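Each chain carries a letter (A, B, C and D) given by its place in the written order, and its residues are counted from 1.
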Amino acid sequence: MIIVMKPSALPQDVDKIVDAVEKEGLKTHLSHGEEVTIIGVVGDKTKLDIQRIEASPEVEKVVPITESYKLANKKFHPQPTSFKVKDTVIGPDTMTIMAGPCAVETEEQLLCIARAVKKAGATILRGGAYKPRTSPYSFQGLEEEGLKYMKTASDETGLATICEVTSAHAVESAVKYVSMLQVGARNMQNFELLKEVGRAGLPVLLKRGLSATIDEWLNAAEYIISSGSPNVALCERGIRTFETSTRNTLDLSAVCVLKERTHLPVIVDPSHATGVRSFVEPLAKAGIACGADGLMIEVHNDPAHALSDGPQSLNFEQFDSVMEHIKPYISLSGRSLM
Amino acid sequence: MIIVMKPSALPQDVDKIVDAVEKEGLKTHLSHGEEVTIIGVVGDKTKLDIQRIEASPEVEKVVPITESYKLANKKFHPQPTSFKVKDTVIGPDTMTIMAGPCAVETEEQLLCIARAVKKAGATILRGGAYKPRTSPYSFQGLEEEGLKYMKTASDETGLATICEVTSAHAVESAVKYVSMLQVGARNMQNFELLKEVGRAGLPVLLKRGLSATIDEWLNAAEYIISSGSPNVALCERGIRTFETSTRNTLDLSAVCVLKERTHLPVIVDPSHATGVRSFVEPLAKAGIACGADGLMIEVHNDPAHALSDGPQSLNFEQFDSVMEHIKPYISLSGRSLM
Amino acid sequence: MIIVMKPSALPQDVDKIVDAVEKEGLKTHLSHGEEVTIIGVVGDKTKLDIQRIEASPEVEKVVPITESYKLANKKFHPQPTSFKVKDTVIGPDTMTIMAGPCAVETEEQLLCIARAVKKAGATILRGGAYKPRTSPYSFQGLEEEGLKYMKTASDETGLATICEVTSAHAVESAVKYVSMLQVGARNMQNFELLKEVGRAGLPVLLKRGLSATIDEWLNAAEYIISSGSPNVALCERGIRTFETSTRNTLDLSAVCVLKERTHLPVIVDPSHATGVRSFVEPLAKAGIACGADGLMIEVHNDPAHALSDGPQSLNFEQFDSVMEHIKPYISLSGRSLM
Amino acid sequence: MIIVMKPSALPQDVDKIVDAVEKEGLKTHLSHGEEVTIIGVVGDKTKLDIQRIEASPEVEKVVPITESYKLANKKFHPQPTSFKVKDTVIGPDTMTIMAGPCAVETEEQLLCIARAVKKAGATILRGGAYKPRTSPYSFQGLEEEGLKYMKTASDETGLATICEVTSAHAVESAVKYVSMLQVGARNMQNFELLKEVGRAGLPVLLKRGLSATIDEWLNAAEYIISSGSPNVALCERGIRTFETSTRNTLDLSAVCVLKERTHLPVIVDPSHATGVRSFVEPLAKAGIACGADGLMIEVHNDPAHALSDGPQSLNFEQFDSVMEHIKPYISLSGRSLM
């Protein structure tokens, strides 16, 4: 950590800061520049109240050098994480395809979709039973009833299942029925939910918040891991920008950044990122090409009549076609389709 | 609502959409342009599944004409809302000042701050007992203990109190001790929390999400009102942009937009918006000048040693000075300091 | 075009707008909804002053249905454009690699880089002679001297050449020495320059502005084409967002959007988009995978001593390696390396 | 300047960087932390090629401590700048009102507007003769003819005049007719134009780019000042964000930031920032309240028939009313209406 003093800081101002830091057992190194004095701080910064220092009137700014997340940090865990979700593996050697409807509607619908995505090569069935919707008047999901259908579909097809949870109560129900929990973009900094999800112990898919920086995202993963769930995958699903041609802007450079900063697997969701059916295939290929460990794709038996997020859902034929077309890219990436 | 067909749509494609809409009891008007056909839809759109229509392959886009929020909508409730929080009133005739520390630290600290902000003219004491923090290793608040101090401070000074809640459990505790609940920016679309808060029945301050559009914000307010709490105030606290000179970008045009779209009162928080102490006064004045119904300002007895958000907190002398300097602006706005 | 009236609009207000539109020879269709009246406008909107209509007090908003660009529009030119730059072809069947230094430094440096990138498979040599730099005190380029080196390098190696132009004067010089002109991100809406570049007649690479929407970008291309140069390629080079881990956010969904809206070829620049050397290869692969017609990559003989943009430049060995690793992706895309 | 080495950097890597820095005559201070080594650099950094250092494989990042702009920097010029434009003064003691049409249409129109804005209290007449328009098919301005009308209006009313310039050729014409030059948002980083404008010697109004950081903006001002024009005012006119309720997001915290970093006067343009007529008055008041030195407001004799930007223009009655209502705010700010 580096503390940059203001040009107007007097020697006694510098001394005051140095004393405050050293009192906590850390060491300091001074650099007296022609314009400003800089204090390098060495040691365990968790003991230090950084905002207290930043609030001092003669401090210009505090520059952190090391990240605040530890368990999610590649520096302390250089090997890529790999974990099982039912019979499938998410990790550096596999390409995991999660597919299914945005919202679970009926048992028949879900079974029919489950069989179709399994046949095409997916190993995890996605399906929403708790839907966070912008308006209170939109369809909010089947809740526990939907989870039961997920269990039936898993039992019949052998697919693993993933479901978004939106409250402590939903977590409690979901752990009884599904293989993996999902935290949605709107809840990425719902820290109480992150802790609940971590305590549940199931593998977790953590979607990136609409305007979350990569550091905030990794700190959110840290909440889950430090609460008890080491098996966290990160899902890039588009960020909010000024561009309105696509629903969000898929940030594939984030995949590259994550691969440098964390050992956790990264999933790309081209369906939610763009909201446009015809962009799913090219961006699925792009996601694989730049290093993703898996894809999340929306599939529906009848997208034109889906209760939620129809415009981006693929029908079975389209999903089959995408799966066929991405296979050579999976081979090129040196992974096997899981 | 307007449905714009693709240039490639055939008459039978248009008929299919018209049938689907009219089956729900709505009326349609066709406009055959040289390039595209447009279907105007008249009637109660809540019966309609808009995404189903948007998913039809021959539909270019659906343009909503009316907003999805009703209870928060000025069109259906033209008079500005005004409500009491303990002895203070938030509404069109008053300027409500909420002041206090970012985080409650000790009973003594809180009492000392409460007395100071009351003396300077604030009527609502703010103080965080549940702190949503980016890193799990940062101070997370005193929880129920902090709420008790808030109650003590209120009993002693007569100030109303407001506290952020971050979970159903926190709501349950908070209603026993404070006068008003706050939903923070990170939880603006935590819909389960919005419903809990609405059911609690206390007045609510709803902060804008870091990258929430004004429409999403008003829909979030709709969740609270439709769950039982009509007394919601909206707090503009800065949005996330590319500019890094201030922590966030205070969006004062949002105050103007809100005054056109909703009857709910609007509070401006210059402390969190900028993260810079010296910007609090000029932006407090600007907030009053453009129509805000109140201000939320961070005040601490010892900002250089605050446990949270020190750099933007004012000490007592600075807060006194800000209050003195904003008084003529409050007079100009035709409001009385509450 | 659709004109949405305000709920408060009276029949005579609607009549006034209808009259104004029909006076210009267009036709209108009225839709009287329960809440608002909508006027559909049919015919040649270029005759209409849209802002005049939007300014009418009883108009809520004007919704454009068709794009303002014509020559760049795929609707009126469905076949993908393909054009020659010296001996290379940019278009749907080829993958064009533009490589070279950010700034031209010396003749020896440029020749040495030209030979290396040609050997690795590039066909267009990039090199900056006019550098738009944030600070007036940074190196601004060799200007005409640099252009001469470009010509020498082209003569010796047979490579085509591309150079950014920043003024009418630079255009005048550049046409004498290089094969293709580049308009940089900061000048994307420098309309006077766009017209100059269009009049010059050479093929043009138009980089996307830092916060330009895709529609603004295509309108900028329209300026060039309508001034005389039909051979325009668009270069996605990252947009400005809140995320600071990469210099910009590479928007690969823009490639998909462009392929739907325009017939012009699309180039992806992973070097400038991210500013990080190790991200160039994965994002080059991703760009090819999602449909790009070419790549622009920064290569330098000695990146650690480059005068401009060192951190993202590849050395020869790194560029050779990237070229080897992207070849299977080029094959998969059904294109041949040009 | 601080150079942060990577954790993997060896002592010889550090030595290499230290040598490179000291060879340029600067001094270094080493801080060996438990995780990383930090090199403090002291002396004249303009001699140093920072990007060369950042490109070194063992360097993590370079943290600049001082700004790259000097002439625009308050540190080296602590007194606020004040300058004359014809008979009016822009500076810390005055509130300068620039008003007029977006585009000059006819001599009669301009004269009529000039008389009206003068009567209401404006001292500078704005009017566009060169209009940068997104589409090449939109009205582009009357060019030199429009400038002549500006001169006539100035001669008749005594008002100073300001006009946007978009090319070297426009600068050449404009200096013959108007009192102050304006560089528009789209040209903020058109560095060739900035130099031309600087050489012209007239006072300059530099609008902020759509997504320009405050530092880029001050560096753009540095181009103008270092080319010969010390009299530069900065105009905040809204930045591009995700929010679409207003055309741009007016960033009033930028006014506060500018007042800390630069001695140059700051003008606020609520008309272009929001694009909404009814927001001009509240945001004009807010701009004055937070420290602006002037306002730019669009006024038109017949906004519903304006050739450009009608929706945000005020008619004469509305402008009179705004002027009346802002007067008490000007008094409060301790300035006199100029």
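Note that a residue touches a chain if its C-beta (ideal position, glycine included) is under 8 Å from a C-beta of that chain, and two chains touch if they have at least 3 such contacts.
What you see is a predicted model; the values in this text were computed from it and never measured.
By number of C-beta pairs in contact, A-C leads over the other of A-C and B-C.
Put simply, the chain farthest from chain B by mean CA position is C.
Mean C-alpha positions place chain C and chain D at a centre distance of 26 Å. Computed centre separation for the pair chain A/chain C is 31 angstrom, with centres defined by C-alpha atoms. Centre to centre, using the average C-alpha position, chain B and chain C are separated by 39 Å.
Touching two or more other chains at once are residues 211, 215, 240-242, 244 of chain A.
Per the touch definition, chain C reaches chain A in the complex via residues 211, 213-215, 239, 241-246, 249-257, 260, 273-274, 276, 278-279, 282-283, 285-291, 328-329, 332.
For chain B in complex with chain C, the residues that touch the partner chain are 2, 4, 7, 29-36, 38, 40-43, 60, 63, 65-66, 75, 211, 240-242, 244. Considering their complex, residues 46, 49, 51-52, 54-57, 68-69, 132-138, 166-170, 186-187, 189-193, 210-211, 216, 219, 222-223, 226-227, 240, 303-311, 313 of chain B touch chain A.
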